[in-house]
Every structure is written in C-alpha cells, then in structure tokens.
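Each of the two complexes below includes chain A, the first together with chain B, the second together with chain C.
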Partner chain A sequence: MKVTAHLHTILQRHTPEGLKGRLDVNIQPGSTVEDLIKHLEIDLEPDYLLLAVNGRVAPLDQVLEQADHVNLMLPISGG
Partner chain B sequence: MHIWRVNVNTQSLSKDPVPDAWDRLGGRGLIVQMLLDEVPPDCDPLGPDNNLIFAPGLLVGHKLSSCDRISIGAKSPLTKGVKESNAGGRTGLHLTYLGIKALIIEGQPAKHGWWALHLSEKGSRFEPADNLVGLGVYAAAALLNERYGEKVAIALIGPGGEMLMQAAGIQNTDNENTPSRISARGGLGAVMGSKGIKAIVIDAQGGEKPPISDQKRFREAQKAYNAALMGHPQTQVYAEYGTAGMTKISNAFGGLPTRNFSSGQFEGSENISGENMRELLLKRGGASKTTHACMAGCTIRCSNVFGSDDGDSIVSPLEYETIGLMGSNLGIDDLDAIARLNWELNDLGIDSIEIGAALGVAAEAGMMEFGDGERALELIAEIRSGTSLGKVLGDGVVSTGNELGIERVPAVKGQAMSAYEPRAIKGTGVTYATSPQGADHTAGLTIRAKIDHIDPQGQVELSRNYQINMAGYDSLGACLFSGFGFAAAPHTIPDLLNARYGWDVPEDILQQLGRETLKLEREFNRQAGFTKVDDRLPEWMSREPLPPHNTVFDIPEEELDGLFDW
Partner chain C sequence: MPNGYHGKILHVNLNNLSIEVETPSEAFYRTYMGGSALGLYYLLKNTPPNADPLGPENTLVLALSIVTGAPFSGQSRLTSVAKSPLTGAIGDSQAGGFFPAELKFAGYDAIVIHGQASEPVYLWINNGEAELRPANHLWGKNTGEVDDILKEELEDKNIQVLQTGVAGENGVRFAALMNMANRANGRTGMGAVMGSKNLKAVAVRGKMRPTIADKKGLNKLARWGADEFPESDVYGLGLYGTAEVLKYQNKAGGLPTNNWDSGAFENWEPIDGVTMANTILKERDTCYACTVRCKRVVEITEGPIKVQPRYGGPEYETLSTFGSYCGVDDLAAISYANQLCNMFGMDTISCGATIAWAMDCFEQELISTEDTDGIELRYGNTEAMLEMVEKIVHREGFGNILAEGSAQAAEIIGRGTEDLVVAVKKMELPAHMPQVKRSLSLIYAVNPFGADHQSHEHDPSYKDYPERMAQIGLTDPQPNKVLNEEKVKFALTTQYMYSAMDSINVCQFVFGPAWQLFDSSQLVDAVRLVTGWDVTIDEILQNGQRRLNLMRAFNAREGIGREADKLPKKLYKALVGGKSDGIVLEEDELETAKDNYYRLAGWDVDSGIPTRGTLEKLELGWVADLLET
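== the complex of A and B ==
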C-alpha cells in the first residue's frame, strides 16, 4: 500500500538530491500512523509530533489507507 | 520603579510612585487596569483623553531568554476597544533600566508639530523632530541613532502613524538598531501620531537592572527554564525555520488564507514555505541569516534576515503572518516579492496583517489581479502618498471593504484576521470572535492542539485555555515562543516572580493574571459600548464553505457567549 508522507521542517530527509519533504512510502496494509513513524525511523518522541491524515489531526493508532496523505509536523505557533 | 507620566500639552514629566493597584501587574494586564482607571472607554481614541501606555512585562529587565518584551496599549482607533500590542526589540529592557514600570503619554499638543521624546536618567525632554517628518522608519531611526548614539532604544512611527492611519503601528529597534519590531496591531501608531510624537528615544546609560529580591532562587529558576526551553525540539524549529515553518502546517490543515480567504490551500505554498525560505537564505548568504535574535539574551532566535540574490538585506524579519496575508492571501508565491512588500510596510510603520487583508479585499474588488506583486507595491505606494485610496487602505480591511462594497471582509471588532482560516482552525476562530483585542492569533492560537480542527466540539474550551495563558504571558513580557519552555517547567513562572519581587504568588499565577486581564479587558469594551454581537465572526463565514474541507464556521453562538464564564 502506498501513502504519501509530508515531512515538515527538521523532519525533512537529506538525500543525494537535496532535502526532501515529501516521500511516497510503501507500507503494509493495515499499518497505523505509528507504524509509519517507525518505518520512517523518526526518533523524536511521538508526543512531540502533530500528525494529520488528509488534513485532519489523527491519533497514533489511526489505520492508514491507500493514497492517504500524512503530515508529520512539529507544532509551532506563528508570529 | 516609577510611573513616568509625560504630558504632551505642557511637555512636562512627572515621576510618580506606583499605586498599590498597579504594583503586581505588568505588560498587558497593567495596561488594561491603567486604561480603566484613567481613560474614558467612550473617548475619541485620537483625542486628548486617550493615553498611550508603554508597559514592560513583569519579568522584563533580566535578559531572561525571550522575556524582555514591551507591551504598548491605548484605546484602539481601529477596534474602538482595548488594545495591547507587544513586540521584542530593546524598548522594554531600556525602559526598565531607567526604573520605568510604565510610561504614560497623555494629552494632546497645544499646537501642531512633531517631537522626539528623549528619556534618560535626567528625565524627559522634547526635541523638535521636523527633520524626521515624512521619513520612513528606517531613515528616521538611522538619523536618530546618528544623533543620540548606537546604544539608545527607539520606538517610532512612520508616515502611516503621522497620517493617523488606523493600521499604523509603532516600530521598536532591535539589537542592531533595525527598527522593525513592530507593535503592529490596532492602530497604536495613529495614537502616537495624535500626540505629535514621531519617536521616543530611550537612553538607559547610567540606569541599572531592576533589583532581584532573591538572587539565588532567581538563578535556579532561570536555569530550569533555560534547560526546558533548550531541550524542546520546537526551539530548534524556530531557530532554523522561524515562524515561516507554519506555512506548510496551515496549508496541510486547509487553513492557509488564500485569495482573500476564499480557499484554505494555496498551490504555491511550497514556494513560500519556511523550508524553501531556509534553503534560499543558506544559498544566498551575504546579509541573509536563517536565525537572528530580536532582543539580547533570546536563545530561541526565531527571527531572520531575508537577503536578496546580490547579498543585500531586503527585510528582517520575514514572518509567517506576512507570508500568509501578503503571500497566499494575495495569490503571490514569490518570497522576494513578499519581502519587498513587507519592507515597504515596515518602513511606513504599518501592520502587514491589516494591509495584507485589505489588499486581498481590494483584489477581490478588481483593484489588482491576485498574484500581481508589482500592483500590490503600487497600492502600497498610494498609502505612502496619502492619496484618498491610500488612506482607505491604510485604515485597514474594514475601511477597504466598506469603500469598495465587498462582503468578504475577514475581520472581527474592526481588526483583520491573522493567517489562520477560522473555518478550518475553529478554535482560533473562537479566539478571533471572542478576544477583547479583536481578531488576533496571538490572543490564543490553537493550531498546535491535538484536536480535530474542523469539528466544532471542544473548541470553545480550547480557545478559553489558550486565551487565558496568552493574556498571562503578555503580562510577563514573555514571548509567545517561550511558552514551550514554561509549559515544560511551569513552576519556573511563580519561582521567577517570587524571586524577583519577594512575593508569594500561587502556582497558577499565569492563569490568574490571564483571567484577571481578560475580565478587565471585557469590562473596558463593555463600557466602550461592545455587546455580544461584537463577539462574532463575519456572517459570510457561517454561510460560505471553505475548500478543501468545505466547512463553515459553526460554533453555536451560546457557546461563544459562555467562553468567559469560568
């Protein structure tokens, strides 16, 4: 199953082509948001993350579906 | 500490002891108490009965990271209600070094003229400022620094304030003497202009840090607060990306104001994101800086210097609110164009949120094409020239909507919304609706909460808690971004206050200050004629669905009315 992960700010990936904020990821059907975080090897406490699936805040145990867009963010305030 | 009271009519100063009722207040909380005590709520905001107040927060004066902010307040010419707008820079620290708990500027000049008010250990003096009239803040501040030296702090207005425009703010110089830390909101620059003051120059030489009652305890609390702040991953995000890191978050939630609040997602959001800005600034080098402190001692350093390709500085800082209102809200996806617009508004001393919203309305009315940065610059030039169109724009989004006959005006209590769409981030919509300050994200931004932002459930309670905390931080002089540190080590707030003043405040002093402040602000507004009808979002937001979630603002009115029943 394929989902798209959107990695914000310090979560972006260094790749040979430069920093990447958007990754298409293949994961097992039935995977949760938490599984995706593990798959991406993000080592921050999940508590620090703000997570959204298709534009809505999602809990760690939300089951993902094919073609979901998952935003992984560090919640800041604007100014 | 003393209250310094400057009368612009008699050009005199009195240094008064702090009355008991004001003693335990600071910043925003002190301002509203002073307004209630001395300013008739129904007065003309630009008349002789309004006071312009500068009040450093309770923790200002110790270079405690991100805690030296200045609150500036008055009755607002924009909202016609209570107004406090705070900023970083040097003003707060320098006033405190002179032993000033609050500076009140009162009265109206007997005859028309422009003055620089100079404050130092010796007291105050009025110096003619005719040579500064009409100058933007960058040129005016440079002349003032030439005359009074590099060490002074300066708070000044630009042409916007001189022309008494309702979107005019007051600029404060930062550590490098750049006058771009603006107390932007609510037209305080017009109040300063109505008093004939172009600039306030604060020379703290010979002054000293305010006394600390228990040094050891203070240092301990400071250490714990610093550790909590520096240990938090958000601090790294602020340092590397600044508030611009918010662009993609808002867009992800469908809450990024786009083309005059007609959509919550912008196809050009990547281009104007903090992520892209950082890459650009690192590549450009020269004057560009991805991190910068707006005040001495700030360890978060969320600010930046946005430089051009050829290495010169265009503007500092470039912040998310400006990116949202002058970028996506105008359909502009080019950071250079946004930075130039921002510089112009800074130089005019005008709020970029209010004008970004006003230009969005003007674009909807056909005065510019969305996406046309050059035309936006031309419209801002009208403001500088003070043409009749420029004056309409310079009076803000409501004035522009009225003049051009546009219904889609994003404002509450006369003040433009910041860069969070209230139909997508409903808790922030509740804050816009109910805050006594008018629509303002800094009064209680809920986007980082783990709640479904488009579900109306729970938003009032969420907004209430944020509003209370923010009113508390605004009374301490604490930058909103210090909140991550304080939230991780909440005991440091009472500890710091007790050590500084020898008080014995309770654990929940932050919330106590916040609740009391909000209650007094509501009271000022009530006496100024506000009713619950003023605590509403514009009606079209409850009718017109916002893409991509196609949601309307649907928080029940009774719930909004119950927000302050705690």
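== the complex of A and C ==
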C-alpha cells in the first residue's frame, strides 16, 4: 500500500537534489502511523512528533489507508 | 496616490472632542512604515516625560502599517503604543483579527488618541468619516455585549469593534484591548489606558482599499503561501494552535510550573493542545486573509463549567499561565479563565501569572486567608483561581491589589513577597524559559517593554534553519544553552527583525527568519509588491533597529536604563524536577552578555541608553535632542 509522508523541519531528508520533505512510501496494509515512523527510521521517539493524517489531528495508533497523506512535524519554537 | 496605505492619520482629541486628519509625507511612511515605530513617533512627540499613564497626557496610538489590508496572509495586525500603566516604561502590544484590515478599509493608517473625555464616548469611522458618540450605554458591559449593541446600533453586522473591557474601565493595570471579543492587544495594559481616556470603543467599516503596486506579483506570493502551507512548519500550528508546543516544552523541562519553581508539570496531558483538539475544539478561526487559521474556538456545554465559542479558546500562553503556573490541570477551568479575560478585557499572561505569584506567596505563608478574603489560594485550587480572576476585574477585596500586577502588588504587601515575583520591568514573564533557551534570558532582561517571547527568534532556530538564518547574516549556529558573543549577535539581529515585523505589522507566525511560512526575503518582497518601494533586507532590519532605539529612548526619558535590565531573583534558583532539574542561570553570564549587546547595538554600555551617534544614523537626531532637553 502506498502513502505519502510529509516530513517537516529537521525531519526532512538530505538528498543530492537538496532537502526533501515529501516521500512516497510503500508499507504493509494495516500499518499504523507509528509503523510508518518506524519504517522511515526517524531518529526520535514517536511521542515527540505532532501528527496529522489527511489534514486532521491523528493519534499514533491510527490505521493508515491507501493514498493517505501523513504529516510528521515538530512543534514550532516560539509562539 | 500612495500604494498600500492612505497617507492619512486620524488625530482624536478627547479633551475637546475634536477630530483632525494629518497627511504625512511618503518619506515619513518609508522611515517608520507603521505599527510600533510609527506609534512611538507620535508618543514621543506628544507625551512629556513622567506623565501619568492613566492621565490625559498619555497618548494612545493605534497603528496599522503600509501593508495592512492587502490580500496576503499575516498582514491584519494592529499595534497599540502608549506609556504603560503596568510598567511605567514603554507600552507596546500587537493583535490580529479582522479589525486591523477593516480600519484600513475605513480610510486611515493610524489613530492617535490625545487627552481624556469627561464622559464615556466611542469613535465611529465609516468610509473616511469619523465621529465621536456617547457611550454611557456601553460602559460596564462585557465585550460580547458591546460588540452586539454596536452592530445593531450602527445597523451593520460587518463592522469591526476594538474596545476596552470592564477591566480597562476599572484601571486593571494589565487590561487588554479586545477586538472581535476574542483577539487581544494583551500586554502592557493598553486597555487601562483606553479606559482612563473614557474611550470605550472604536467601531470601523469601509470599502476604501488602497491600491497595490504590483497586484499580480502579490497574488503570486499569496498563492505560494497557500500552496506551501501543508508542507510548511506552521502546518501543525494551524491544526493544533499555539498549544501544540505545550507537551514539547514540558519534555524539554521548559514549561513554567508552580510560579517557575519547576520546568515540568506532571499533569500536562489534560491541558495539552492535542487534548484540546480532540475534546473541546469546536473550530479553527483566522485573521483577515490568513491561510494558517491558528486561532482556537472552544465550546463546553456539559458539566459545571460552560464555555462559549464567541470568546475563542486558550493559546499556549494561557494554558500555561492559568494551568501549569498555577498547578491547575483542568482544561475546562482554564478555558473559562480565558473566557473571563476576553469578556472583561485582560491579558491572560499577566493575569494568570499574577495569581500564580499570589499562590506561591500563600504556599510560603507570606500571605494568609486574612489577605485573600478567606480564599485558600493554593496551587491547583481551580475555584480559587477563577474567583480571583473575577475579583481582579472588579477590583474587589484582594483582587484590588492583584489588579496592580504582581510587582506592584508585592510592593504594597512587602513581607518578602517581592522575592517571588517573576517579572522584568514589572511585567510578568511569558511561558518560555530562559533556563533552557538561553538567549531568552538576555532578551527578557533588555527588552524595553518587559519580558517578551515574541521579540526575537528562540535559540533552537539558529541550528534548525541555517539557510533562512543566513538571509539576515547569521551563519554560525550555536547550542541552545549557551549565551556567548555569537548568541548575543543572534539575539540582537533577530530582535531587529521582529521589531521590523512589529512596525510592518505582520504576524510573527506567518513571516520571520526561521520556521514561519514566509522567510525574511519574502517579507521584503511583500513590502515591495504592495508599496512599489525598492526596499532591501537591510532597510527592513534598519527599520527594526529604529523601532528598538525609539523604545529605548522613551525609557531613557523616564529614567529607565541598564539597571532595569535584570531578571527576577527566582531565575537564579535551581529548577526542581523534569529535564531541567538543577538548572540555574548565572548573573555574571547575563551581565557579560549585556555588555556585548549594548556595544553591538551602539548604546552606552554603562547606562544602556542609545548614543547620539547611533540615533543620528537612524535618522533619529530629533530623539537625541529630546533626550538632551
């Protein structure tokens, strides 16, 4: 199953074409947001991240579906 | 015809109820650009030194900018400037909403309010026509009611209202100006100044949109922002509001708890932004033309505490000051405290923090139920907290003392309560801790209107956003917990940037040097596209420097200089618990940083006052003259 991950701030990947925030990812059907985070080998406790699926607030154990858009974010540092 | 602005400043003299229109030159607008810098110009010209902040000599300036009302995100902001009744220093505060853009459409770039009316009045501005009207019928009413009455009376539900609440009428020193009954020019007591002038409200409506120099180019920039938003670092801010940072602050040991004894609040989860989004959040709200929609609207219809959506919802600061500062983990109670502050017009930061200080005094047995009208003012006592909010509004019993703000209340009470005050220049600290973001210790200390978290960029941004930082000449990232020379440069340079944003009046979540939607170069683009001026980033930074020097000069005239640039004693005590356990700030570190900061700013190192040379470079020779008379 294919989902799109949107990685923000320091989660973005360094690639030869520059910083990349948007990644298309193949994962097992039935995977959760937490599984996706593990799959992407993000070097932070999942608990540190702010999450959204298809533009809506989402928990770590939300089961993903084909073509979902998942935002993985860190909070801003002011405000 | 100018682009982006009208070239018209409205002067309202409340002593004789007269109104005049001034039409300054383009050079004036280019020098000051609007907002804070423009407000300071009129304040310094019109208010003599040592004026009573709540007397007729104080001047209240409500200023838009050269870009307010243009169709792009983050431009609908209003700056209010006057001498502060909370601090006795410069008062300065920003708010968003729909009022700022509508004031522009009503035909003016700023309103300068002089004098004091003998009876309550309100100002009605409709398509360039301005008149003062009696406001006895509005006096004593809460902000939602006043909003409704004015819309009915003026027969237009689309008018926008800026007003002082009951707290401002009663001279609560941290009273706010409210627009939409849920957006606050919160800090430094501008609501008390407006209340002291017997000016209850300003209602505006109009269709006078200034021309835009390059409409196509501006649309392109605005479209880029809307397209980029889901990939940007303010996407989470839109979904979760400013409250998104609460959990993160707590994990880092940076969530002020029990009046700053600790940086970790055990019961953070019930008051977190994610919890709010999953429970009481009714909808997201916005400011005129903004794509981010970070504003919260909460509603509670069940249970002992009911909360109405028209008063918005708590920001991160409010969740902290009425939450962790007071040891309170009840989201409904915090939302209700937020509603009370918006209904009566008070700054949620100073109000919550002042109550937290009183709780600390109570816990330490420096005050007792004899002082507090019989109330057990302990950490975590939710009812006591809410009762105190209402007492402050009406200046009832102990509330009459707390309405002075924590620093002045401590002066009244004495008994060692002064040592528990967490304020700089008498203004309570917001909910970001210098112990874990060290440049905040410097900016909290030196900022002319008191401790503020929106006056420079916070430390983590220096290493997290190197490309954007390089746009303003910052190329040597430093760790969060150091305050070396490079960090001082980072603090001052980003303070210039934030100062410029408070004069160009753009939202610091939408524009800025780091995580914001648009970067510094796009702010330059926005000003160019709206006005047609060939501005550069250096000119923008210089505008920020000018505003900072104007504020500092205002303070100098009031006898406020380096000696007031100090942190409260409590910050030199080790924090207890969480990730920041044991962290303590060093006074020497701050003093050395101050020396470097004043030198870099071109100010006299001993007094912290701008030199004539520095002022003249900023076209502020007239200010140097004022300081010498």
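One rule holds for everything that comes next: the second predicted complex is superposed on the first by the 76 of 79 C-alpha atoms of A that agree within 3 Å, B and C clash if a C-alpha of one lies under 4 Å from a C-alpha of the other, contacts with A are read in each partner's own complex, and residues count from 1 in each chain.
As a working rule, a residue touches a chain if its C-beta (ideal position, glycine included) is under 8 Å from a C-beta of that chain, and two chains touch if they have at least 3 such contacts.
All values derive from a computational prediction rather than experimental measurement.
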> Looking at the overlay, does A:63 come into contact with chain B only (first), chain C only (second), both, or neither?
Replying inline: neither
> Looking at the overlay, what does A:44 touch: chain B (first), chain C (second), both, or neither?
Replying inline: first
> Do chain B and chain C land on any of the same chain A residues, and which?
Replying inline: 6, 8-10, 21, 48, 50, 52, 55-57, 71, 73-79
> Given the complex with chain A, which residues does chain B contribute to the contact?
Replying inline: 233-234, 236-238, 240-241, 243, 245-246, 248-250, 252-254, 274-275, 279, 302, 319-321, 324, 418-420, 441-442, 445, 447-454, 480-481, 483, 548-549
> Quick one: in the complex, what on chain A touches chain C?
Replying inline: 6, 8-10, 21-22, 48, 50, 52, 55-57, 69, 71, 73-79
> Of all residues in chain C, which touch chain A in the complex?
Replying inline: 230-237, 239-240, 242, 244-245, 247-248, 251, 274, 277-278, 315-316, 432, 437, 453-454, 457-461, 464, 508-509, 514-515
> Which residues of chain A touch chain B in their complex?
Replying inline: 6, 8-10, 12, 18-19, 21, 44, 48, 50, 52, 55-57, 71, 73-79
